[in-house]
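Next come two complexes built around chain A: one with chain B, the other with chain C.
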Partner chain A sequence: MLQITLGIVTSVGGFLEIGSVTTAAQAGARFGYQLLWAIALGTICLIFLVEMSGRLAAVSKHTVVDAMRERFGFPFFFIVCVGIVVVAFMVLVAELGGIGFGLQILTGIGFPWWAVPISFVVWLLMWKGTFGLIENGASLLGLVTLSFLFAAFRLHPSWSSAGAALIPSMPQSGKAQYGFIAVSIIGASISPYLMYFYSSGAIEDKWDRTYIPINRFIAGFGMTFGGVLSIAVLIASALALQPNGILVDTFPQAALLMTTALPKWGFYLFAVSMIFACFGAALEISLAIAYFFAQGFGWNWSEDLEPSKNARYAFVYTIIIMLAAIPLVLGVDPIKVTVISMALTSATLPLAIVPFLFLMNDPIYLGKYRNGWISNTVVAIIILMSFVLAVISIPLQIIGG
Partner chain B sequence: MDAALSWVGTAGMAGDAWLRHTTPDKYTRQTLDLSGQTLLQIGRDLRKSPRPAIDNAMIDTALARSRSHIARMSRLVVEKNAPDFRTQLDSLRQDQKLVKQLADSIEASSK
Partner chain C sequence: MGLVRDVLDKKLMDREDCCMGRVSGLVMHVSEHAQPRVTHILIGGPTPWMRIHPSLGRVSRWLAGMWGPKNGEAVRIPWSRVETIGRDIKLDVEAKETGALDWEIWIARHVIERIPGSGSEEEE
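So, the complex of A and B:
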């Protein structure tokens, strides 16, 4: 059962962080249930990608980054590295800002003041903690986000309307905004760093071929867990914020999400959920970036090793976390960073997914555990979609963002 | 006008939550102040943009009245004066209806 925590913590980074909560809340507030299909689509894509990255690690004992560098060479890895790390860094800034925002609405002290203490706590946990502690701790804390699901149920949604919204449809007005939010939801869901984190986690947890069925379950359960909670945020927003005409442009507006469904505790549950979820996501992204560098450059890496035994790996997350605090101290709005980073995630998707398809069909790495036709069809669709997203995300950000 | 409606709605919802004693005073005040400032900016932006078939003075009045109620509500949070706060909130709700009507008229005229 404890292995499920890897799925939940990966899911927290993918769905229950500032980006997904903000976009789901914006989607519900502006378009009601109409964008539920985008979350469902993102969840299905992520289940497949995460399952594949876990399978690759369990069979080949390679992480995705490790295998990518070995298979395609260092120059190719370096190009991917630049794209992915820039976007992941922006997401880290947004997550640290999300924790700061949560503390701001609870205490009234502005988020820039929280940037340094928060970054220090994240760094300290990385420095002192083990992978198991981070994995289990973030998963347990992330469970508070179940309050979103409870809130959605308390608002008595129309399940038939929600079901109908799983089929994409166009709104009568605000088409550019609708497209932008749809792209952002998918971009926030299929974040490449999740695959890198999950495959590294599988190596940290010493998975082998016997874990293949468990991996399938963890990927399915974990990502569905996140997807369902993201859907709950959208539904709660559609039923609580849309009737008041609130469009969720800022974090204090999002904080009102659960005050209708849970009048007594809704506000505090939202703040605590955001703090814990963004904290889990910040740890996950910091780990993913450090793993990415260490595996790509062939350094020692493991969260379970003393920092002195993998000094360059520890140096990367130390620097990255320090740098991520700077924009927040300067008062850069994390919501704006989130919006830009999600569109950029969509734009960089082909860089991550195309080489992944080759790896997942390589008999040297996977032998008889290579992708079957179902997985290959899904990845091909994701690649096609990622190219479309890459082309339209920036123009949509300009028109609809 | 959608943005104006959004911020009037935000102030109203934050006000409701404060009356139920379910949000901290600081959050309520900050949110009300932010709503007021944003409405001021929205009003300025709306004056610059063409608004066919809609009475500009009506929009300005509705937004100014909303801002005034919100500013008073913010002060009443400091004084912890719930009865007067409720009166201001009721007036803001009336203004919210007017802003909604204006927003609907603008949307209808732009189609």
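So, the complex of A and C:
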């Protein structure tokens, strides 16, 4: 049952982080419950994708990146590498900024001052920690995000209205912004690095075919955990921010979604939740980028090995974390980076998911465990939809500001 | 066995199960009087980049000549050293002796082992 921590850390780190909290808070503040369907859709798709990446690792003993390089060759791998790593790097900047914002709320010291110490702590944990420590530590700390659920319940939401919002509908005004936020929510939910992290975690934890049932449970439970918490953020935002006309343009505005439900300590609880959630995400993304390079180029890699035993792998995360601190030191707004990177994630989804779907249907890797038509159809439809939405909404948002 | 499907881009392991990189290219001997045969496996260097575009291969060779272990060429492993081809390709060689780990060793010595807690202290 300890394997469930992989699901929770994947969920907290890759799902419930600054991207999903910001986009869910913006959605609730601007459109009430109306965008709940986007979170539900993202969650369903993520359950399928995470289950598939765990199954691929358990059956073939290949991570997603391993199999992709082998099956599609170096030129294709390189294109995917550039697209995924650039977007994942932007998300890492946003996550480190999220921790900085949380600390800014708690201490009053501006987030740029926190960029270097935060990056150092993230790096130090990767340098000295094992995969188990990162997995279990981030999962345990991430449980503080249950406070979002507590806040949503205390605001007594209308469950019938929330249920109705699970069916997509168009707003009367602000259609471009609505589309852009929908795309961002899906991008925040379905981050490709999350699949790379999860399949690498399955190899680190030495999964085999006997783990297929537990993988299914972990994917379902872990991602539903993140999805429910994102829904809670949206509901709390819809009830606390929308009636007061507060739009989430800055991080402290997002924190207000907790203060109506928990007036005394909601603001601080939000900060602590964001610190832990973003910390888990920063670890996960840094690991995922290092895994991506190491697996793609065939280097030694394992978080359980000492850095001198897999020098190139350790070098990649060291450099990536150092570089990610620079924009924050220069005062780049993490909320802006978050919003752009979430939409770009949606736009780059086909790059990651289409080859993955081919792999999941390849009998060489999966034999009788390859995908059925339901998994293929669900993922293909959602990816196509998010891509179309991204292509339409991103230019509209840029033109319309 | 399909060379592209079963060999190209597969991960290479030495006799101690140390990762040596991936198969970047294959060298074949072609003559009029005999069947073509694979003579060497190529690892790293400009080979993978040349598969995207020859000019990238030239840039890679130039960059590798400026930094690191200054070895801009691909490592060549005789095909006769291939032991098994399965999930990975197992070679009857010691990775360090082939040059496939030159970059790994260079980065370890010049960067990683200079940072406290890298694990190199215990070995000493």
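By our rule, the second predicted complex is superposed on the first by the 390 of 401 C-alpha atoms of A that agree within 3 Å, B and C clash if a C-alpha of one lies under 4 Å from a C-alpha of the other, contacts with A are read in each partner's own complex, and residues count from 1 in each chain.
Basically, contacts are C-beta pairs under 8 Å (C-beta built on N, C-alpha and C of every residue); 3 or more make two chains touch, one makes a residue touch a chain.
Just so you know, these numbers come straight off a predicted model, no measurement behind them.
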| item | value |
| --- | --- |
| Touched partner set for A:267, first chain B, second chain C, both or neither | first |
| Partner chain(s) touched by A:244 [first = chain B, second = chain C, both, neither] | first |
| Contacts of A:259 with chain B and chain C, given as first, second, both or neither | first |
| First (chain B), second (chain C), both or neither touched by A:117 | neither |
| Touched partner set for A:163, first chain B, second chain C, both or neither | neither |
| Contacts of A:367 with chain B and chain C, given as first, second, both or neither | neither |
| First, second, both or neither for A:312, with chain B first and chain C second | second |
| Of chain C and chain B, partner touching more chain A residues | C |
| Residues of chain A at both interfaces, chain B in one complex, chain C in the other | none |
| Chain A contact footprint on chain C (complex, rising order) | 4-5, 8-12, 18-22, 24, 48, 51-52, 87, 103-105, 107-108, 111-113, 115, 117-120, 122-123 |
| Chain C-touching residues of chain A, taken from the complex the two chains share | 60-62, 66, 69-70, 73-75, 77-78, 127-128, 297-301, 305-309, 311-312, 314-315, 318, 364 |
| Chain A-facing residues of chain B, complex | 2-3, 5-6, 8-10, 12-14, 16-17, 20, 22-24, 26-27, 29-31, 34, 96, 100, 103, 107 |
| Parts of chain A lying in touch with chain B, wherever the complex brings them together | 105-108, 173, 241, 244-247, 249-250, 252-253, 255-256, 259-260, 263-267 |
